[in-house]
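Same chain, two partners: chain A is paired with chain B first, then with chain C.
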Partner chain A sequence: MSAPARSRETHRVRRWLRALGGVAAGITLAALCMLAVVMLLNAGRGPDAGISAHSGLLAAVAGTLWLAILTAAIAVPVGVGAAVYLEEYAPRTRAWRFLASVLANLAGVPPVVYGIAGLALFVRGMGLGPSILAGGLTLGVLTVPRVIANSRRALASVPESLRWNALALGATRWQVVREQVLRAAAAGIVKGCSAALVRAVGAAAPLLIIGAASFTTFAPVSPSDPLTSLPTQIFAWTARPQAGFPALAAGASVTLLFVMALIGLVLWDIRRRHGEARR
Partner chain B sequence: MSARDEGTRTAGAEAVPVLSAEGLTVRFGERTALTDVSIEIPRGYTVSIIGPAGSGKTTLLRSFNRMNEVIPGSSQAGTIRFAGRNLHSAAMDPAEVRRRIGMVFEDAALFPGSVFDNLAFGLRARGEEGDLHGIAEAALQAAGLWSEGAEILETRAGDLSAEERRRMCIARTLALKPDVLLVDEPTSTLDPAAASRVESLIHALRDDYTIVFATCDHTQAGRLSDLTAYLDSGRLLEYGPTQTLFTNPRNPRTEFYLTGRLQ
Partner chain C sequence: MKPRARSLGAACRAPPAVLAAARRGLPAMSAPACAGLLAVLTAACGGEGGRVVRVGGSSSLYPLSVAVADDLAAARPDARIVVATSGTVGGLRRLCEGGIDVSGASRPISTAEAALCRAAGIDYLGIPVARDGIAIVVNAANTVLECLTLGELARLWEPSSPVRRWRDLRPALPAETIRLFGPGSDSGTFDFFTNVVVGRPGASRVDYYQTEDDNLIARGVAGDRWALGYLGSAATVTDRTVLRTVAVDTGFGCVLPTGEAVSDGRYSPLSRDLYLYVALGSLTRRDVYDFVHHFVASAARLSRTTGYVALPAAEYGRGLDLLARTRGEAP
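For the complex of A and B:
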């Protein structure tokens, strides 16, 4: 086959692949739009049963934001710190391999199990009750192994030669980690933390076990207020028999997606600015 | 024949060699990279290390500035001395060792940021508070990267050509004013024209530094070095004045290697 013919063929294959990608993206987008339309229609039907007319989302939205902040405050420093220790400092002994595999398995434990642990440890053991703080601690603990796993992957992708070159210039381990390795891995670490955080904020199961309130009369203003969040509120409303509540649940789902998008946007902005700082 | 060409045995008798290894054996896990290597690097000389791929050239260079110990599973026997002092004694700070015995790697990773950021890293690491720009300028001039002026400082390291990158990595090391310069494969991955220019740079640096370099290209060893060491499967088979080693090698394997007949 001559060179131009081969290039034409490559061109055709590429065009097909691009079309295929477009179709796939279109189907996904259409499904999402349909979901949104269904939810909006349901929400638009409006509350028509007594109590549901007075049911609002302010408390749930505030609770979700509180949980996001608490989870990040716990999981990011602990998780990234542990990942740096495991990848950059700890000698690769048998104990290291054991610890690494335990942490990897913890990242795969279902959230419900963390809920039970949180109930025993934070709600009852530490006497925090079913509060925002207890929920944030539980989600934080649940998120730590995921942050560790994602951050370790980002650190491991930094080429060894970068560390060698920095060490050979007379830098200490910590100078190399802080000035070069963390900077090179920053984008991957922020991305990994975002993914873990977004999943934690969307979780309902562990909070339901701890005892999230489905009926609150005021929005939480401090971590000691009763635990409430959007996912648990949606769950509570879908379980009610009255006619107005499915509509409320649908409306809350749209709000949840919106809040998640907002959190995602904030994290994306952090990532973008980090990316620029690197260059 | 100049004093430089007389070889290590006689030179070693009059002055303490700047670097010396005695019975050096280096292992990485089960694999032995160097076996019982003894060598002396006299001050002011340029020494080349030649030998087939995997013969331990890089390992020998790395053991001179304690860079093997950062590889998990490495172990070492034997003594290395730097100006007469044991390189591994408790009083020796590995960071200080690496500043005094600078190394330019074959895989010279660029740090994120500008050329200035790259040069400033090592200086800041040692707590340098003086004129970082002045030191960086001097180092870049010495490495032949100042021809276009101060603009180079703000250039992103990633935008440099392969030759400029190699020069920047040499400048990064020179900025710390080392006593000894270790260079691993000075001109690998460069096109012939760039390779010959970088070779000229190494040649110019010979007057100011003790240089030890490893190379796969033994003609380069012939052009640049006073003394040549021939490594083969982790053993030092021959070491002496470059001219003698090239024209009249004592070990038959050295001759086979130099004439391209090594099996």
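For the complex of A and C:
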């Protein structure tokens, strides 16, 4: 095949792939929109009487934002640091391989199991009670292996030659990591952290095990306040058979979608400014 | 050229990563993060500002507890109240461990539980706050069953009961399998029902969907055409199109757990008082006292909207007297 023909061939393949990707994205977006519309229709039916008429989401939204901040504060430094150590510094010994496989397995452990561990360790063991802090620590621990796995993938995709070139020019190990590797992998690391964080924020099971409050008269203002969050509030309202609560649960679901989108947007902005711009 | 030479020298003298990190940008980045985390941790540990009235216990009382908390918070926005459910057994256990301040209970505290409290050095006060019936519910689409006798209920729920299908219960009923929903063994409703119907507290078949949350029982029965369950009647205040309460032949004919039947005693074997237990140590706190006081004072009014039966006014008067007396004795 002549060169122009091959180029035309790849061009056509690429066009097809792009169209396929567009269709897939469209289907996903349409499904999401349909979900939101169905939930909005349900929410629109509205609470009619009693307690459900003035139930609100302030406490749950505040709890979820607290959890997001705490989880990020724990999981990102620990996770990214561990990934940098594993990829850039640690010698590839048998112990390294063992550690790496344990970490990979931990990333696949179901969130419920972390909930049980959190209940024993933070709620009972450290005596934190079913508080925002205990929930944030549990979600943080749950997120660390995922952050490590995603960050390692990003670091591993940085070409070896970049490191050799920098070393050859006299840079120290840390200079190589800081100026070259981290900069090249930044977009991937931020993306990986975002994915792990958003998943943690949407998790209900570990928080239900720890003991999330289903009714509070106030929004949490400190991490020692009782644990509330959007996913657990949705669960609690779904469980109530009384009239009005199904609509509340639907409304809360829409709100959760918006809050997750908001968090995603903030993370996307960080990614845009610190990651992809430098590439 | 100079800066690089200096940093190279530093890197050669000490473990490279640690030292270089200490000299370079990392501390500048992580110092605020560490300070923030520290502040958060101290705020969490010095939790004196975060005083909260912690309410738990029976799910049969949950709708009323939530209504009272909501009512109090409407009048006093600074009230900090948390309501959760764990069943009567779990609630009283946590009360006696000091984990919560107030526990709802769908039966009086047992001697074993009282001993546990005494051993832990926790004194408590029990106040009856409302009454309800244990309702037998089926799906709204199930129109074949109008009334059950106590004998049939006993046969259905006794340990290793042979009743699997509706026909086993009564030959005229269809051959569909009965899917059973009921409270788990941490529930006061379970203790009460097994005692009255089967004859021994805790004696029950085990092959049914068990939960300490009445609300989930209602949801379960509402979702299954051939289901049957029993639960506190307040949780049945719901959409009539999904759930139907079955009458029980208590010896006064077929009786539904309506307000009148529960209060005049015609539903008597399956109606009960619901209690509020509060730790005396917590009661010395102003916020806890206010919550319990508001609970007793407004229970009659709020019972009507949440599906409970109010106690006679004299009972509430006695409860308020009891509270006032502990207030007088408290230092």
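One rule holds in what follows: the second predicted complex is superposed on the first by the 247 of 279 C-alpha atoms of A that agree within 3 Å, B and C clash if a C-alpha of one lies under 4 Å from a C-alpha of the other, contacts with A are read in each partner's own complex, and residues count from 1 in each chain.
Following the convention adopted for this analysis, a residue touches a chain if its C-beta (ideal position, glycine included) is under 8 Å from a C-beta of that chain, and two chains touch if they have at least 3 such contacts.
The shown structure was predicted, so the numbers you read here are calculated from the model rather than taken from an experiment.
**Student:** May I ask you to decide whether A:S222 touches chain B, chain C, both, or neither, giving the answer as first, second, both or neither?
**Tutor:** After superposition on chain A, A:S222 lies in contact with chain C alone.
**Student:** Taking the superposition on A as described, I'd like to know which of chain B and chain C A:G170 touches: first, second, both or neither.
**Tutor:** Both partners.
**Student:** Once the structures are superposed on A, label A:S161 by its partner contacts, choosing first (chain B), second (chain C), both or neither.
**Tutor:** Once the two structures are laid over each other on A, A:S161 reaches chain B alone.
**Student:** Is A:R92 touching the first partner chain B, the second partner chain C, both, or neither of them?
**Tutor:** First partner only.
**Student:** Have a look at where A:Q180 lands relative to chain B and chain C in the superposition and call it first, second, both or neither.
**Tutor:** first
**Student:** Applying the document's definition of touching, compare chain B and chain C: which contacts more of chain A?
**Tutor:** C
**Student:** Have a look at where A:R240 lands relative to chain B and chain C in the superposition and call it first, second, both or neither.
**Tutor:** Second partner only.
**Student:** According to the stated criteria, A:N105 is in contact with first (chain B), second (chain C), both, or neither; which is it?
**Tutor:** Neither partner.
**Student:** Where on chain A do chain B and chain C both make contact?
**Tutor:** Overlap of chain B and chain C footprints on chain A: residues 170, 172, 175.
**Student:** Looking at the complex, which residues from chain A come into contact with chain B?
**Tutor:** By the definition above, chain A touches chain B via 91-92, 159, 161-172, 175, 179-180, 183-184, 278-279.
**Student:** Which chain B residues qualify as touching chain A in the complex?
**Tutor:** Where chain B meets chain A, its residues are 65, 67, 70, 72-73, 95-96, 98-99, 102-103, 105, 107-109, 111-113, 121-122, 124-126, 156, 169, 172-173, 176.
**Student:** Under the definition above, what is the set of chain C residues touching chain A in their complex?
**Tutor:** Those in contact with chain A are residues 4, 7-8, 11, 16-17, 20-21, 24-25, 30, 33, 36-37, 40-41, 43-45, 47, 49-50, 52, 54, 63, 66-67, 69-70, 72-74, 79-85, 99, 213, 215-216, 218-219, 222, 235-239, 242-243, 305-306.
**Student:** Can you check the complex and tell me which residues of chain A touch chain C?
**Tutor:** 49-51, 54, 70, 73-74, 77, 89, 128-131, 133, 170, 172-175, 177-178, 211, 213-218, 221-226, 238-243
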